[in-house]
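Structures given as structure tokens follow.
In the two complexes below, chain A is the common chain; its partner is chain B in one and chain C in the other.
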Partner chain A sequence: MKEKLKKIASLFIIIGIMVTTTSCQSKVDIQDLAIVMAMAVDYNDQGKYRVVYQIFTASTFPGGSGVSLESSSGGVVVPTFQGIGGTLAEAMHDMEERIGKKIHFGQIKVVIIGQKAGERGISPIIDALSRLPEIKTNVPIYVTKGEAKKIITQKTHEDTITANVIDNMVLRQIYAGMHPVVYLAHIADELSSKHNVVPVLGVINTSEKINVSDSSIFKLDGMAVFREDKLIGYLDQKITLGYQYIKGDAKVFTTPVRLRDGHKATLRLHGCKSKIKTVITNGKPEVYINLDVKSILMDITGERDFLKNPELLQELESLHEKMVKDTVNETIRAAKEDVKIDFLGVGDVIYRQHPKEYEKIKDKWQELFLDVPIKVTVNVIVKDTGLLYKPIY
Partner chain B sequence: MLSFSLIKKLLGRGGDKASSQKSSKAYDEGLRNSNENRPKDNDNTGGRKLTTNLQENEAILKQIFSNCFDFVIRDINIANNPAYKAKVMYLDNMIPQEILEDNVINTLTSSPAQGSPEPSNLEYTMSLLGIGFDNTYEDVNKVSEAITEGSVVILINGASTALVASMMNPPSRAIGEPEAEKTSRGPRESFIENLSVNVTLIRKKIKSVNLKTEMYKLGVETKTSVVICYMENLTDKEILQELKRRLDDIKIDMVLDANYILEHIQDQPLSIIPTIFQTEKPDVVAGKLLEGKIAVMVDGSPIALTLPATFSELMISSDDYYQGAIVVSIIRMARYFAFMVSLTLPALYVSLITFHSELLPARLVTTVVRSRATVPFNAMVESILMMVTFNILQEADIRIPKSMGQAVSVVGALVLGQAAVSAGIVSAPMVIIAAFAGISGLAIPELEMQRALIHMRILVLIAAGFLGLVGTTCAVLIIFIYLISQRSFGVPFMAPFCPVDFKAMVDTIVRAPIWMMKHKPYFTKWKEKVNRQEGKKPKGED
Partner chain C sequence: MEEKISSYELFSVIFLVPYGSAVFFFNAAEAEQSSWLVILIYIIPGLLLQYIYISLYRNYPEETIINWMVDIFGRLLGGILAILYAVYFAYIAARVFRDFITIIKIVAGFSNSVIILNIVLLGTVVYGVSKGVENMCRLASSFFLILNMVAIILLLLFFSTPNIVHWHNLLPIFPKGIVKPVLKSWRLVTFPYGETIIATMLYSKVNNQNKIKRAAFAAIIVEGVMLAFISICYIIGLGANFASKANFPLMGTLRLIRIAGFLDRMDLFIIVILTVNAFIKIGMFMYCAVASTSQILGIKINGALVFTMGVIISVAAYYIAENFIQHLYIGLDFTPKYIHFPMQIFIPVLALIVSHFKKGSRKKKLA
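Entry: the complex of A and B
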């Protein structure tokens, strides 16, 4: 009898959980959703936010299943909707009734913030995004020079859904690490930090057409630096690369090296480890950045037999070391002289390594940073020379 | 002296012939004899008795077997002497005609050897045919019963006792390959509809005196023989006793198949889970017997029941033991995986696309949305439709004549599926999901478990359709609770997973090498209350 009671009790508990923790209200078949693929946030001259959604719905691609994938750019247009409001939420609400279907943020691929909205401050935007119940925390956030709307409504040749094109570029950067990829959770974390963390975001722009045979539409274009939450400036590609080295995010990309005798070589980066060490003496911090870089030789001109002369590799290594060091020093210079803010996150490292001393210099850190000596040491190892040990010619 | 040895020779020869021609027949008689020792509940001692008058006796039996064209009465004279009249009665075709002629009619009518008892004497006939006192009846009911069972009854003038010689050999098919349990390795023979042959098939594998075979007669009209086989040294006595009790409780008109018995002796009469194992392979039964289990075999059914049964047993195919351990272990894991896939895949799909589409990869979302654009039903209804269609196709595939089998699968699977998808009534991913779940279910070796899985799958699916992933989880939990609460003759159905017994797990999800496995009867450790609770009995059993 007792066992029976136990069984019945457990059954009721399970049914109770089933009924109380779920509801049929959230039941929407996937084809009845308006799936937001990309979102652009602008701030217009009237002092209002403008939000643009790129939306994927079942009717975007008419015809049942079995119909082949869309004929790219052939007339099919992915619908976009625009809403205007005093706050971001208001702007988002503005278009809800016009879309009709239930708006679903679960699949959003990218959020793009326009320059003006960035200058106005990104905190309210990130805050509103983070509150959306379905949104994934790994949505990459990008800033664009100009209007964000332009990016989203841009037609591309590769894919009717612009968001997919951007998504591919982002995925590529996660692998390559030439540009920073900043996710929603990350930037929200930085904005709420109390330790002089300077938020940075990647920059995406429409690319100027180089020639006819190149159908690329977008390009990742360095990064944007914020003071508090307001956009204060852009950094170009080379400085961004230095930033990626310091962060240890530089992964796989190629760099050309000019040899002493005039020949050319190309090295492929194969991982970079960054160690930042801080020393505080008499309240004055010193920073040592140590980079361990591995690379592979991709091509080289001239007669060089690496098997017979392994010291040739050392020449390559020292050249590469110098290049990386120059790049990183350039970035440090830009931080100290151009934007005059510690976007490298050195302050955060000091806080982690010397929390007590940091408390004293915390308030004036950004001024202090301009005079902090930062020493960079780079150690490059050229791991191998590909499948060949000497040029085939 | 000479005549005595002659009789001995004659008897010996007769016995030899009978046993060599049909070894099973002699055995069958042994079975029957052993059964006689058991008190029968339909022992009707107050019935009519035979008289000493042959004519009268014949009239009685003729009346009992009125309107039976296959009832045969033959007049013979014992020792070819018209003074000793006798009648041989039997049902046509139930007994082998040649053996009857050679061994009964010829022996009785031939002139007596010197020194033998007087042909008028009853013992003369008994000694000639090798019939013991056990097989003589005075009760008319017993005599008629013996005739319906396929025995030859000899009535002798002046004797009030009928002599019964069991020669039962009803027509049956030859031993063939198993139809439902396809295996790629190992023995290929399967049971047939003849009980004595089936028992012999097991005897052939287990040549031990510990193998006991007890016979029951069940079914008021059919009087079907039911045999329980067990290894006396291995079987748990309590379970055996309980089985006997349950068999004794059965009151039923007919027993046409093993399932008639199965439904009566199950722990829970309305369970959708098979708590008694069914097989048509003698090697499987032999294996189970040597694990200490009990087999129940029913005359006229090519299926043997073995009990107690556990869940892990249902996931075992007999050729698991006829192939390498490593290979089989991987296949076993695949089967358990297939079980979970079959149970939950449609439910997971439905709950993901109706409640939690943010959990799907974006590329999958676009594919699914695109394929579902024109589907008029919601995902749950669509899924149930597909599930039902799959089961109808499967059911039709069993029923249709073999010559048409190919056509129906092609029409069903290809044309119907393709047409439904291109018409936009069903989405292509759903077809894949339904087909995969259905086919995964077929990877489970036990037929009854496959059927049970269909119901469980739809239950989980409905919970998923209304309540999403939480509903799926809860429904799976409910099913697990249901499975765990099942008992097979007091043995927990989910053992050795619940209760956990690591030692016994060598033959569940993995199969250890045979030298590592000691086939101890593990389940006796797990068994709880063996007695079936009152109220759990099938109704109409009192």
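Entry: the complex of A and C
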């Protein structure tokens, strides 16, 4: 009898513990969360930060619970909210009462920083973001020319949620490597480095409508260069490509090649390996950049039978080599003459390879960089010519 | 019935107890990108510490650190030291408990009153400890496998995510010479390696006495290699600058994982690792505190003693620091210098020396 009583008592205790410790006290339903999909940070004329969120709600999708918000022109509109504050964190929580829900940063897909906020300095922004307990460290950070708010409130044709469109573009860039994709953790690491690291961020802009048949809304548009944490300039697509080659991040994209006899060919890059060697003689650094590029032939005009004379491929290779080399040299020239700052990270490479010598030139590195000889050698291998070995015509 | 553990169980406990919380922090942050090498170098002092503890144990087999102190320093001084050790184990349990509560609160976004978390976490630990050390050690040995499996899965996911691994972050190795960063990170001796002092309470329970040394040394080496590898992951994932500023680099590193655009947010794994580590670590320290108290008082370990210790630890966890930063500051500055160092290194070394001379004089008397 006593045994039985003991068993029953323990059963009740177990049930009691199970029921009382399930933490229903702090339960949050998904409808009660304002899930931030994208975030835009601007700095307005009154000297305050303005934050705009794109919020995912259950009613964003047709078929979801709740009343869907129909815009006047038809189609579902994703709610956006705006907050203003003297500091970023203040602005980030300014709209909380107006949303009436708990703001959840866990699913944030992209953070876009406006031009003015970038010029003001991105350190406070990155600091405030890194402090959020629920934020992911792999949130891509982008800069835009003009106001960041414009990007977020832009309506797209593919998806009601703008953030998803940008997220797809980012995922594609990781695979293609035409533009730098910089995550929150990486920019935070670069900003806290003490070794002349020049942070760069990708740039996203609204694309000017080329014609009606192209429904793209955004385009990745080169990159932005920072001095310490302040935006100093933008670089166009071609120079960005050279930067990606130097970093070894260029992966898969097509480039046209003009042959010597006037015919044209298109090559598709299939990976690029970059080796940077630095030599310091008498306190004067020299830099050697060695690129190994693999590519495949996409199309070619003119009578060319690659099976009969494989030397034709070598012609293609040397032309592609020259093209890559020109692109990289153009980027180096832009770094030395246009922006006059070492955004290529050459100083960082010297620090990693020759830490002791670097200590001596550390303070005047940015001036020294302008005269550092940088030699580029490129080696291209055209791996194959697709499914054909000679043109079909 | 006397409790017995196998040498493999001893190995898992010695591995898991320091590893339990060391895995969450960027150890040897002073050495920046060379921290993993420093961790590897500090395996040697870690082995040395185990060697000291085991040599002490060989002089007084079948006994624990509490009895050694009384045997070596006499009833008065040894008794005080024994009480100090009991308090020390309880204090470390409280520190670890505070660590884990804060991490769980932050990682899981736990906004409930902490009392519930307290009951759930410490209630389990109290129950585990009251079931005896044999069961705790057996649990540790199976958790060892589970944790390693989880770690391997996470590492595979981490290394197969594109665009996050930056191997060049590991360079330069020791830019300002090897001596300075190694000396600066002396705290590594006390934490994580010094926490293996809990093994002094377990040696006498190992069934195969000849395998103690091998198991303990293997645990220290595996410990060092694992921690060094995790440190490498922090550096190549987050970068040494960011990792040394982040409170929880493990969380930051795992949140970098994103495969095929959807497989991300490995927070669940962190919580699994966290609760398992917390259970083993707090449980073992609490067992040591309970066992030493019972030996000092000359009573058997019973439920009331374990429960009282649980209450003491949970209350102490609140009052050891006002906020988490103060808690970390004490843990990095005060505790290693004035608590860990004397308890883990100074007193055992002194005891070894004294016992050596005592043994010599005893031999002379016999002759």
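Everything below uses one rule, namely that the second predicted complex is superposed on the first by the 352 of 393 C-alpha atoms of A that agree within 3 Å, B and C clash if a C-alpha of one lies under 4 Å from a C-alpha of the other, contacts with A are read in each partner's own complex, and residues count from 1 in each chain.
In the analysis below, a residue touches a chain if its C-beta (ideal position, glycine included) is under 8 Å from a C-beta of that chain, and two chains touch if they have at least 3 such contacts.
Computed from a predicted structure; not experimentally measured.
Of the two partner chains placed by the overlay, only chain C lies in contact with A:D189; chain B stays clear of it.
In the superposition on chain A, A:E134 makes contact with both chain B and chain C. By the touch criterion defined above, A:G106 reaches both chain B and chain C.
In the overlay built on the shared chain, the residue A:I174 is in contact with chain C alone; chain B does not reach it. Of the two partner chains, chain C is the only one touched by A:R352; chain B is not. Judged by the touch definition given at the top, the superposed model places A:A9 against neither chain B nor chain C.
In the superposition on chain A, A:D29 contacts chain B only, with no contact to chain C. The intersection of chain A residues touching chain B with those touching chain C, taken from the two complexes, comprises 17, 21, 26, 106, 134, 136, 167.
By the touch criterion given at the top, residues 7, 10-11, 14-15, 17-19, 21-22, 24, 26-31, 33, 35, 37, 56-59, 61-67, 104-107, 109, 134, 136, 161, 164, 167 of chain A touch chain B in their complex. Within the complex formed with chain A, the chain C residues making contact are 106-107, 109-113, 116, 119-120, 123, 162-164, 166, 168-169, 171-172, 175-176, 237-243, 245-246, 252-253, 255-258, 261, 264-265. Across the interface of their complex, chain C is touched by residues 17, 20-21, 23, 25-26, 106, 130, 133-134, 136-138, 167-168, 171, 174-175, 181, 183, 185-186, 188-190, 192-194, 249, 349, 351-353, 355-356, 359 of chain A.
The part of chain B that touches chain A in the complex is made up of residues 353-355, 357-360, 362, 365-366, 368-375, 378-379, 421-424, 427-429, 463, 465-468, 470-471, 474-475, 477-478, 481, 485.
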